[in-house]
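In the two assemblies presented below, chain A is common to both, partnered first by chain B and then by chain C.
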Partner chain A sequence: MKKCVIPISGGLDSTVILNHVHKNYDFDEIHALSFDYGQRHKKEINCAVDQVFGKVKSFKTVKIDFISQLFSTSSITNPDIDVAETKDVLGDPQTVNYVPNRNTIFLSICTGYAESLGADTVFHGSALVDSEAGYWDGSKEFLTSINKHNSLNRRDKIKIEAPLIELSKKEIVKLGIDCGVDFTKTWTCYKGQDKACGTCPACSSRLQGFILNKKIDPLEYSINIDWNKFDCEPII
Partner chain B sequence: MKKCVIPISGGLDSTVILNHVHKNYDFDEIHALSFDYGQRHKKEINCAVDQVFGKVKSFKTVKIDFISQLFSTSSITNPDIDVAETKDVLGDPQTVNYVPNRNTIFLSICTGYAESLGADTVFHGSALVDSEAGYWDGSKEFLTSINKHNSLNRRDKIKIEAPLIELSKKEIVKLGIDCGVDFTKTWTCYKGQDKACGTCPACSSRLQGFILNKKIDPLEYSINIDWNKFDCEPII
Partner chain C sequence: MCGIFGSNNFSKYTSLYEINKQRGTFAFGCLAVREDDQDMYIVKRPGNIDLEHLPSHVENNYDVYLGHTQAPTSNAREYDVQTSHPFEYKEWLVAHNGIINNYEKIVKQHVPKHKNPVDSSVLPVLFDKYQKSGMAAYESIMETMNQLKGLAAIWAYNKLENKLFLCRMGSTLHYDGENTFSSLKLPGTELMDDNTLYEFNFKNSKITEIDKLSTQSEFFIIE
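And then the complex of A and B:
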């Protein structure tokens, strides 16, 4: 029985991974986890719920909102700090949108869960842009390091796989289209308002991914996006 | 301002570390964390509360009891599995008392907290016996690995220090006595009953530590211990 664990935020990348793994890998069981860590864009978890239906053996939401209570330095978990816009984060090695050690925390929980389930693989949603956008914990060095760490385990050496880590957002959107992802049920914007803002770093890179594929992102944005100007068509 | 984070379980090792760091290191602020992970011996947290008083700048209990709900393979978090006794764990590389990936989870949370606080050091309670007793996540290789991982951080390279990792339980009890630890307010037994059982691996190594120092452990045990036979005296 081949099992894996997929942390799914409800964002674009982890949703593409879930669909990609479900369609193209041969796991007998997929076990999904979402993290409620007090994030500003908590509504992403609703998208995760929509996405897992029919694809996973189990789905749990793990409440670790002590992160928002204890880790006060991040715009993502502290409502008093403004989310940094794209223009403010370029070249910043660790932006205010970084949640301290978040991915190590998430992956260490997923790893323990995988050990307990008898799963041998955990998927990690990092994409090429994450390392460039100020997140050390989205880099290839990070991935290598955490795999090396897990290999010290004396019995269950859980492998962390990150199938998107060398992919651009253009390639990720393309993969998502090929896997039949319903993009209306994904949430990317850091701000977590009614509509996606279209200007935060997460929105910017998502929009770029769609535009370079000449496809219209079916999500509603609070800014006007002239899709015709970019020759974009609806996803069929 | 020099700050550190100390995860304190209320057990012998972390209590000795807290007292040792408070007495012999020069941090301006110690920030302590306890983890409520649904452990069988949850009463240890009461000891942590007693120990931190007057020594720390802050103390928080972090509730991560999803561990006991999700990680079903460990005797420490699953009441349906018996705690393995000392005789059953000798030579076992990963015993049923192992909680999957627990120390990586704890330390990754402490590291994120340290980043957020502007602390540069996290203390880790592992002792020599932990690696021998079936815990890869108490070994020196584990410590080296997690420090290497943390060094990838682009801004705050949090150091994990484990001052007891090469010390025997005899040496740890001696250090605790030298630091004036109140051992009546420490809890070691895995079983978490009214009195310590005296036979689980945690009790066994604790008792050995006191006996080799020729001191009486002031904790109450449910088995009879003939301290006179070992020439043990009360700690003054």
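And then the complex of A and C:
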């Protein structure tokens, strides 16, 4: 029986991966994990709950909120730090939105979970834009290194796959559309307010993905976006 | 990823350096250029530098002062002049803030003998390659930048044509509409157009747009 583990945040990338794997791979069982790590808001996790329905064998939300107590330098885990705006941080080596070593921790848990399930694959949601936004743990080099590390395991060889790692946001949104992703049930914004802010790096790359596909993002934004100006139309 | 900045005014340049230090304290690089005789003053140093300690002839004797503050990259943890900005190759001097995601592919495809762990180092080599093939300096930059995947804000000085260029492709770059630019936003400055090549015109000390790149940024930015 072929099994895999997918960490799903409820954001755009992990949701596209879930739908892509469900539609285009031949796993008998998909097991999904979400992480409550004391992040700034829980909107993503709520979206994850909506997304996994009917697609996975199991779904668990793992509480590791000690992270927010220990890792106080990130705007994502420390509400006293403002989320950095894209225009201020592009090209920054490591913005305040970076959560220290988060992907290593998540992937370690997923890999351990995969071992215990007898799964041979863990999916990782990193995309091309992650390297560009300064996330070292979203790079191809990181993926290669962590797979090398996992290969030391003498019995259960777990492979971490990142099908989006070389894809632009434009390509990811296109893949999501092709896979029938319900984008209304995804949440990308770092801030977690009623509407997406449209100005944090996560919103900026998401918006660009939709605009370059000439599609209207169905999420509501607190900034005014003139979709007509970019010849965008609704996703049918 | 680091910070770049420049001005025709040394006093402004000093302020810009102070502000852009927060983008990288690993190393500092400076290039000053005088247009008429093409005299150049270049400094590369690890860590920070006190600009007051520069030789007295530097202040106010050049037409433009350019800077780069460097953060350590994953491929260059120890300071080495060979892996620090500005990168010089033949007729070109270049400083870059950003990341070239297809660096290895570009090197393999175009300049397989190029050996340097820092991605930015390939820029002047490619500029030179295209200029040698008959392209104008600005065309060489356009040709190179259009092949890059990643983020870039650069200043590039070409000795052959005695021209200074700025290019923004994703990374932030702000300017005051005249002759001062910076990775970090300063009061009175605005974001320069994305995917655009500019020239710093020595004659009137103004930054003017030259051409648009064909690349697309991964980010949609509203100021």
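Definition applied: the second predicted complex is superposed on the first by the 236 of 236 C-alpha atoms of A that agree within 3 Å, B and C clash if a C-alpha of one lies under 4 Å from a C-alpha of the other, contacts with A are read in each partner's own complex, and residues count from 1 in each chain.
The rule is simple: a contact is a pair of C-beta atoms (placed from the backbone, for glycine too) under 8 Å apart; a residue touches a chain by one contact, two chains touch by 3 or more.
All values reported here derive from a predicted model rather than from experimental measurement.
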| item | value |
| --- | --- |
| First (chain B), second (chain C), both or neither touched by A:T121 | neither |
| Touched partner set for A:T104, first chain B, second chain C, both or neither | first |
| Which partner reaches more residues of chain A (counting touched residues only), chain B or chain C | B |
| Which superposed partner A:T15 touches (first chain B, second chain C, both, neither) | neither |
| Which superposed partner A:E141 touches (first chain B, second chain C, both, neither) | both |
| Touched partner set for A:I67, first chain B, second chain C, both or neither | first |
| Touched partner set for A:Q39, first chain B, second chain C, both or neither | neither |
| Touching both chain B and chain C, residues of chain A | 93, 134, 136, 141 |
| For the chain B and chain A complex, residues of the former touching the latter | 60, 62-64, 66-67, 70-74, 93-94, 99-102, 104-105, 108-109, 111-113, 115-116, 134, 136, 139, 141-142, 145-146, 148-149, 152-156 |
| Chain C contact footprint on chain A (complex, rising order) | 86-93, 128-129, 131-132, 134, 136, 141, 168-170, 198-199, 201, 204-205, 207-208, 211-212, 223, 225 |
| Chain A contact footprint on chain C (complex, rising order) | 1-3, 23-24, 71, 74, 97-99, 101, 149-151, 153, 170-172, 183-185, 191, 216-223 |
